[in-house]
Structures are given as C-alpha cells and as structure tokens.
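Worksheet: the structure to be examined is printed underneath.
Letters A, B, C and D name the chains as they come in the text, with residue numbers starting at 1 for each one.
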Amino acid sequence: MVSHIGLVGLGKMGNNMRERLRRGGIEVTGYDPRPEVSDVASLADLVAALPADRRVVWVMVPAGDPTRGVVQELGTLLGEGDVVVEGGNSHYPEDQARAAELAERGIGYVDVGVSGGVWGLENGYGLMCGGDAGHVRTLMPVFDALRPEGPREEGFVHAGEVGAGHFAKMVHNGIEYGLMQAYAEGYELLEAKDIVTDVHGTMKAWMRGTVVRSWLLDLMVKALEEDPALAAIDDWVDDSGEGRWTVDEAIDNAVPLPVISAALFARFASRQDESPAMKAVAALRQQFGGHAVKPAQ
Amino acid sequence: MVSHIGLVGLGKMGNNMRERLRRGGIEVTGYDPRPEVSDVASLADLVAALPADRRVVWVMVPAGDPTRGVVQELGTLLGEGDVVVEGGNSHYPEDQARAAELAERGIGYVDVGVSGGVWGLENGYGLMCGGDAGHVRTLMPVFDALRPEGPREEGFVHAGEVGAGHFAKMVHNGIEYGLMQAYAEGYELLEAKDIVTDVHGTMKAWMRGTVVRSWLLDLMVKALEEDPALAAIDDWVDDSGEGRWTVDEAIDNAVPLPVISAALFARFASRQDESPAMKAVAALRQQFGGHAVKPAQ
Amino acid sequence: MVSHIGLVGLGKMGNNMRERLRRGGIEVTGYDPRPEVSDVASLADLVAALPADRRVVWVMVPAGDPTRGVVQELGTLLGEGDVVVEGGNSHYPEDQARAAELAERGIGYVDVGVSGGVWGLENGYGLMCGGDAGHVRTLMPVFDALRPEGPREEGFVHAGEVGAGHFAKMVHNGIEYGLMQAYAEGYELLEAKDIVTDVHGTMKAWMRGTVVRSWLLDLMVKALEEDPALAAIDDWVDDSGEGRWTVDEAIDNAVPLPVISAALFARFASRQDESPAMKAVAALRQQFGGHAVKPAQ
Amino acid sequence: MVSHIGLVGLGKMGNNMRERLRRGGIEVTGYDPRPEVSDVASLADLVAALPADRRVVWVMVPAGDPTRGVVQELGTLLGEGDVVVEGGNSHYPEDQARAAELAERGIGYVDVGVSGGVWGLENGYGLMCGGDAGHVRTLMPVFDALRPEGPREEGFVHAGEVGAGHFAKMVHNGIEYGLMQAYAEGYELLEAKDIVTDVHGTMKAWMRGTVVRSWLLDLMVKALEEDPALAAIDDWVDDSGEGRWTVDEAIDNAVPLPVISAALFARFASRQDESPAMKAVAALRQQFGGHAVKPAQ
C-alpha cells in the first residue's frame, strides 16, 4: 500500500491536495517550478525522493501541453512497477494513448477525475478513477485521504479501465453545466416578475426540504447574500473545455443532449460582443417585412 | 360573388392590398383615420358605400385593441348576411370569440392569415382562411385578386373553421422563426472559419440546385449584397408575438418544439443588455471554483 | 397566533401534512369526501369546528376545478377576518382572482407552494408563500410545524404578494425539470460508453465532495440501487403542468429558457408513440435524396 | 481548359453526374468496380485514357475509407500537373491532409461539395469548391456543365482554400437539418389542432407568396400528396454525419448553434427504441413524488 507519493503541480488545487494528503497521514514530496512552494528542485529529485520499490507520482498540472510534458518526462525517470496518476483534466483519449506508451516501459497509469474546487481541502474531493484494479487497490490510502468523510463509495469510484475516470469527470462537468443553467434560468424568471419581492429569500427557502436542494443552490444563495442583485458581476461565462467534450462525445455516441448543449451554447453566446447570427436574422426581417432594425452601435 | 369590398386600415400592408385588389378588378372602398389616404370619412360612410345586399368589410389594422375596436364598431353597423374579414394578425381564440358574437346578429366572420410582407403588392399574398364554406366561396374573387399567380391552391387555402386561418398563419410564422435562425447559425459558422474566404458567394451559390434554396435564402443573399458584413445592422431582433403564440400552443398540445422555441429564445436574448441568468452562472462558477469572473462594466 | 386549523383534502400530501402538523403541536380538523380519513362530515362541519375568532382553512386538493370548488364554498362559509390558505398547485393568476373575490367578503387569502413530496412527513416541507404580511405572521406556527428543521429562512419564505408563493413554486418546479434532465442526460452518456463499467458506482461517488451533489442525485443513486439498469421502468414521463406554466411565463416576460423548455419538450416526446415531426423529416429526406426510410410498423 | 475527365464511382450520384456532364459536352471516362456500369476495367486504365497533358480525376465514392483508398491509389497513378477533385462528402480536415500529401508529388487537389441529390441530373447540382484558383479556373467547363442553369454564381462558388468546399457543404447540410425540423415541427402542430381540417392544403398554400416558400416546402407538399398522413413512413431518421460535424465545428469555434443541434438531437432520439435518459427522469419522479411510472413493456 502506498504511503508516500510525489505530487507535481502545486497551484491552487495541487497545494490544497498536498495539505489534505498530509493531514491524512500520507507523506508527500511536492514539485513545482516555483521554488517557494516546491519541496524539491526538479522532477528528477522528486522521483529520487520516493520509495524505490514502487514510485507513485500524482500529476496535477494544467491539461494539454503542461500535462503532456510532465508525463513524458516521468516516462523517462520512472520504470517497471511505478505508477503515474493523472489527476488533472485530461481528455480521456489522451489517457488511453499515454497509458499505452508508459505500459511499454512497465509503468502503470491511473487517471483520476477530481471534483471539489477550492472547497476540497476542507470537504474532501470527489474522486473518479480509471485503470488497472491492482494499481487502484495500492493507491487506496491516497484516495482515502483525499476523498470526503463518509462511506468510501459516496466519494470515490473505480469507474472502469484507463480513461474512465476522466470520462466520468467530463460527464460530471457536463451535468454541472446543465444544473447551473437551470438554476440561472429560474433566477432570471423570478427576477423578471414584480410580484416576487424577495428573490434571494425565495432561493434560500429552497435549501431544505425541497426537491431542488443541492450544493449548487447553497452557493447560489451565498452569492446572492454577498451581492443581492449580482451587480458586481458580468454576464460573461467562460467554459473550461469539458462541456465541449461532453457534447462532442454525445454526438459520437448519438446520445441526445438538449439540456447540456443548450447550457454550453448559452456560455458561448454570453461571450459575444455581438451575435453574427442575430444580425443575420435582423437583416432577414428587414428584407421581407420592412421591419425596423436597430442600426449597429 | 363579391366584387366590391370595404377595407379598413390603409397602412403599409392595407394600402398595398387596396392597390392589388383594384388591379385585380375588385372595387375597394378604403377607410383609415388619416384622411390623406382614406376614401371615406368614417367607418359608417364606408359601410354605406357598399352594395346593400351583402356588405363585406376586410379589417387590416394592428392586432389587439385596434382590431377589437374596429370589429366591435362594425358589429353595430353591419347586419344579417354581411361579412367581416379579419386579415390582421389576431390570435385565433379572439377570432372564435368575435365570430360567436357577430353570429348572434347574423353577421359572418372569416379570418385570413396574410403572408408576403412588402413584396405582396407585386408577388401576391399567401392566404390562409378559416370560416364558413359559404362565406369563403363568396369571397373567392377577392382572394383570387390578392393571391399570387399560379394554381390557386399554391397560394390560398380554406384551412378549416373560424380561427384556422390565423392558426395556420401563426404556425407559418413559427416555422419562419426556425428557418431564419437555421440560416443565421450557418452564416455565423461560415463567418467564423478563416478557410472560407467568400461567405456571401457561398450563400449565393446555394440559390439554385441545392436543398436549402428558398425565398429567405434569396433575401439573405440580397442583404449580404447590400452590406457584406452586415456592418450597419444591430444584433437586436424583435418578435411580433406570433412566435410566442406558436410555442404557447405547442405547450398546450404537448407538441415538442425544440427548434422553433430555440429560435424564439435567441431573439429574447438578443434584446438583453445583460443576461441575469448568465450573471448567475458566472457567480456560481466563482463560488465553487474560484474561477475568474469579469467585473460588471 | 394560529394553533388550530382546518385542512381540506386528505390525499397522499394532505394526510401526511395533517400528521406532521399534529406532531408539531398544531390542532388540525381535517375534511375529505372519503369518510374513512375525514375528521368531520362536511366542509360546513369543519368550519364550525374551528375557533370562531379567526378561522383558518388550508386547502390541499388537486389544482383546477377541485380547488376552485372548495375555495368557492369556503367563501360562503367563512367571513370577515378568516383566512383561506391555498396549499395546492394553483396557477398564480387564479390566486390573484380568488384573493380579490374573497377580499370583498373580508376573507384573507394566502397561497403557499409546498415542496417535498412523499418525503415531507419526515423531512419537512419547503414552503413559499404569498399574501398579506399580517396573515403570514399569524400563520407562522403552522408554517413552522410544516417546514424542515433548521433555520426558518432555509425552508420558508414570504416571497411577495398574493400569487408569489405559487409563482415561486412554479419556478422551483421548472428548475427541477432542468436538473432532472441534466442528470438523466449524463446518465445516458455514461451508459453509452463501454469504458465506464460502473455507472451506478460513478453516480454514487458524486454524492460527497463534488459540484453536482444534491438531493436529486441521492435519489438517482437510490433508484439505481433498486434497479441498476432501470429495467423495470418505462421511458414515459408525465408532466404536472407547472413546467408548462414556467415556459409560458418565460415567454410572457421575454426570458430565454433554453434548458427548462428543452426538458419539458423531452417529456412531451417521451409520451409519443410516434413523432409526426420525425415522420415529416424522414419523408423530406426520402423526397430529396432517395434516402432509405423505414416503413411504418 | 478541361474537356475530358475521369470519374470514379458510378453509384446513384456518380452515374447521374456522368450523364449530366456528357449532356453538357464534357467527355467522361467513368470507373466503377461494377463492370456493368464502368467504362474501363481499372483505375489505371482510367488514368491511361485521359489526355496526358493534364489529367483530371473526379472522385465520387462514399466518404471515409473508400475515398481514402481511391485518392491514395490516384496519388501513385497521377503526376505533376494532374488534379484530383474530391466530390464526395469528405470531412474538410481530410481534404487538407490529402492535399498536402498529393502536393508533394505535384498533384493538385480541389474539394467540391455537391448538393442536389436525385434531382441533380435534371436541375443541376449546387457546387461549392475549395482549392487553388488556377485549378478552379481550369475546371470551370466541368463545373458549368454540372451546375444549374442561370447565373453561374447562383449555383457555384469558389469558397476558399482547400477544405472550404466541403466546409461550405457541411454548413449547408447543417442548415438543412434546421430547416427540415422547422417545417416538421410546424406540420406536427397543424396536425395536432382539430380546427385545422386541411393540413396538406395549408402547407400547399404556402408554396407561393409566403415567407416560408422553399424547395423543401415543395417536397413536403409532394410527400403529403403521395401519403396525406405519412402513414407509410416510420418516424426513424438517419443522419449522414455532416450534421454532427457541423455541431462539432461550432463547438470548436464557440459558435452557438441551438437550432441545428436541436435538429440533430431530434434525429438521435428518433432512432432510440427507448430513451435511457427519460427512464432516469421517470425513476427520479417516482423516487421523490411517488409519481406513477409505466412499467417497462
């Protein structure tokens, strides 16, 4: 069983996870390019600091090139029987490709989707992992330190083979898009109706006993408590990529996804200064009906 | 058969229709509150000018109160055997209520959905009517003068009982919303892709031989000819109410309407200075993930 | 302050509420047409059993005609200073009309949206009410007995004037549609992917620490526990009417509601033996492309 | 200028195109594995039959592996100055990859999106092409023979660099999905309303003068003429892949596509024997409300 791991990437997430792992009795050697947070000077030093019989390195750096780079370098530093754990937001086909490459050198690969954000340090992190059952078993002390209190299976799952962890996390995030948009639409409708004089109070009253109670609702209430009309916040919403992958995946599998896709498109629209499509609709109305259009501003 | 009718409302639509009717050999007495366009001084004068055996008055004024007012007044001026034709954009339940009221005094009622916009004078108007078969038969010379050249059934229909004409026109307009949005989305996607260097030319090339050719496409090409980047036009799109009725009606009849409703909502969104819903989503993301938000501007 | 109320309607909801009110120290006289559950023989007897200084009758019968009938009869039985509480699922404009009528006779009216379903007896009911502040204040012991444990404002709100309670509940239900559909889409996508070998376990692992944790998620996990492939359940989903009202209301207020409307339309589609629209699309494809269609079965 | 081309693939489309090209005065040597339709015995024979100074081979075989195979073999048979024209439904990134490969051997590549289906032989084909301007110029006699009568630019476009032709065709098809779904939704709503007694006649009356007139509408009317209730046709709708690519592309470019994606998802849903998502929603309703569910059948 693993009791000492390497952790690469000590940003907002990685740093909190190091802390929670240590509180949970796991020894952690952390590496980050920024010396002020790093425990060692290099990836090589990190690998050297780990127990020689089975070195486990958890990677927690931004998806895409950064993750690719770190995993590639670990492929040259680790060997037979060691395990790379990808805890970032990799797209699952990348997991599959990397696992195959590392397997050629006898190195194991486990992908873990991690949910919980800035609240994870205190509440624990929801964990979904994919990979070999033997690897997962060995890593259980690590997972147990990170996951929330309570029954293990309510905060942790071995979802399937390599890639299944990030696939599950991707779907989790797709659902999240849909949930947030549903609350947001309801909020807007409450705001639009003058007979409702206490929108914040109404959503707060949904926190207990109702069908829509959830952690996201709690956060919505908290946001309204801090800023009752959301006056300080712009209606511009980023997307981290996992919503896009979810819809792409649905298309590949012919799964209808009307709600999650609508939530994704609402974010795209929120970031447009002007909508070419709606200019086109306005132009069409002007053409056929002589309908008034607004001149561009 | 009717060869002389009264026409109330000589705005953009009514004026053109009077002209087309006259070109088609129908005698028209027009009334409008604006003396410079009116043929008579009052509704009463209009009614007095019509052939006594069967007076037909076509109402072509804005939906809602204006139409209600004119029809009510006609109810007091007309009598047994006369016919009111509602050619505006009334909501079909209003037709049903008015027809019932007028029937008590022996006055007939025919509702007509009229399509064609500013192009109708030259091209003719698509006509969908509802009401008694006998009334419709008597009105055929009028309908024939208004409808486009070609086979009668390609520009005219007796769709069903009172209300069916405006119901059909409402659905026509709902479809129109969906069609316009489909072209507009395609336009935006073409514009977004740098390998496509001639968006206007691409849509123009769809005018003949393709599956998507249509009159709306022709108008889209015309709009791009006049303003290749739609630079002079704002992305603000009004809605005339019939799209709303279409979705309401679908809900009443449990008919799924994903495309037409999406087109309607896109118009609502186009008119918002800021979206309360998307502010809420941004607030939620900030709460759970510490994600960056844009401060309100 | 009220300590004894009448309760009309002792079905699944009403019966549980009577029980919870009594546990909470409120005296309840219940009336239902079915003598085996009723405390009194008639509405008149119920009114007679209440404290004469201020009689409060909570109505908990199906929306529409049944509620209309009971409220109308109560209007003749109650008088100055009494209060009718409508706890069913009335459409809020009806509340406004009824309140106005009762007010002419000096009778108060409070509308309450009640959430919690079959779980309410044990967990308490989320309550959203609309009406006069004085009435609401008098009713607080009743609301306190019904609502969940914890801070009052997390399970109860005085949302605004008459109608605001049912409006808030309507929006609550609209959100509920969106939330359920979001989870359901995610579930389907997990099921569609073979690398995920434990769908139930994956959703269970979301119960703690994740962004998507909620009561509905807990229920989803429970449903999968009872029937891992949902094999015993049909894909036919009813709608109770409040989702329809939510979308109607959004349309009236020009609020874009892409997610909630998509969830509503998915329910409509789920109930169709065959889709006329998709038959039409198939027919069109056959017409232009000679694409194969399936003959109707 | 080109006056003799090779044409590979003599299926439904290719065969008609050979015929139209010949009627237009272009010499065509066709190859197909089925000897009964082929002019030559092999691809090599086809290449040998073409004018040696500039050999042009138009590929018209199914997208994916078949097209890949033919283009690869042509890469070995053709040489400097020759041109491959890909007229099938390739995904545009494949065009870009193939063009780069062929360019290494001095072979040109033009991608052409072809619209018109089974009607193209008589009406001509809408053509959108991508590639080098010099190549396109040389091919103009071929394009002119294939395209519909009328101004060239209403049935043909050089949309941009390699890939732009198939990109434009992909967007064309995405729009087509949206248009078809819009008509289909309107059709269903008309069918659902009993006051409309002539649905076929109503849609037929839209053929002239209305805003929604189009070729697809003409086909809809034709379909209803042949089968007034679409009784012989199933509500099962296939998708050819280009709708999926359109939505994928929108996601990559952050373009909101609510209508086209809704049309795509409606097709996915139409092919499901049962919907796992709607089973999940039914299960949730049963869990929280004790709502009746239908047992699976």
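The rule is short, and it goes like this: a residue touches a chain if its C-beta (ideal position, glycine included) is under 8 Å from a C-beta of that chain, and two chains touch if they have at least 3 such contacts.
Per UniProt, the chains are A, B, C, D = 6-phosphogluconate dehydrogenase.
A quick note: this is a predicted structure, and the numbers were derived from the prediction, not measured.
Enquirer: What's the overlap between the neighbours of chain A and those of chain D?
Expert: Neighbours common to chain A and chain D are B, C.
Enquirer: Look at the interfaces A-C and C-D and say which one is made up of more C-beta pairs in contact.
Expert: Result: the pair with more contacts is A-C.
Enquirer: What is the chain whose Cα centre is as far as it gets from that of chain C?
Expert: So the farthest one, by centre of C-alpha atoms, is D.
Enquirer: Report the inter-chain centroid distance for chain C and chain D in whole angstrom, where each centroid is the mean of the CA atoms.
Expert: Their C-alpha centroids are separated by 47 Å.
Enquirer: Distance between chain B and chain C based on Cα centroids, please, to the nearest Å.
Expert: The answer is 38 Å.
Enquirer: Report the inter-chain centroid distance for chain A and chain C in whole angstrom, where each centroid is the mean of the CA atoms.
Expert: The answer is 33 Å.
Enquirer: Going by the touch rule set out above, which residues of chain A reach two or more other chains?
Expert: 117, 181, 183, 185, 188, 192, 211, 215-216, 255-258, 262, 265-266, 269, 275, 277, 288-289
Enquirer: Contact residues on chain B for chain D in the complex?
Expert: 92, 115-117, 120, 123-128, 130, 147-150, 153-164, 167-168, 171-179, 181-183, 185-186, 188-190, 192-193, 195-198, 201-202, 204-217, 246, 249-250, 253, 255-260, 262-263, 265-266
Enquirer: In their complex, what parts of chain D are in touch with chain A?
Expert: Touch residues, chain D against chain A: 211, 244, 247-248, 251-252, 254-258, 261-262, 264-266, 268-269, 271-272, 275, 277, 288.
Enquirer: Applying the document's contact rule, which stretches of chain C touch chain D when the two form their complex?
Expert: Result: residues 12, 117-119, 180-181, 183-185, 187-188, 191-192, 215-216, 219-220, 222-224, 227, 230-238, 258, 262, 266-267, 269-270, 274-297 of chain C touch chain D.
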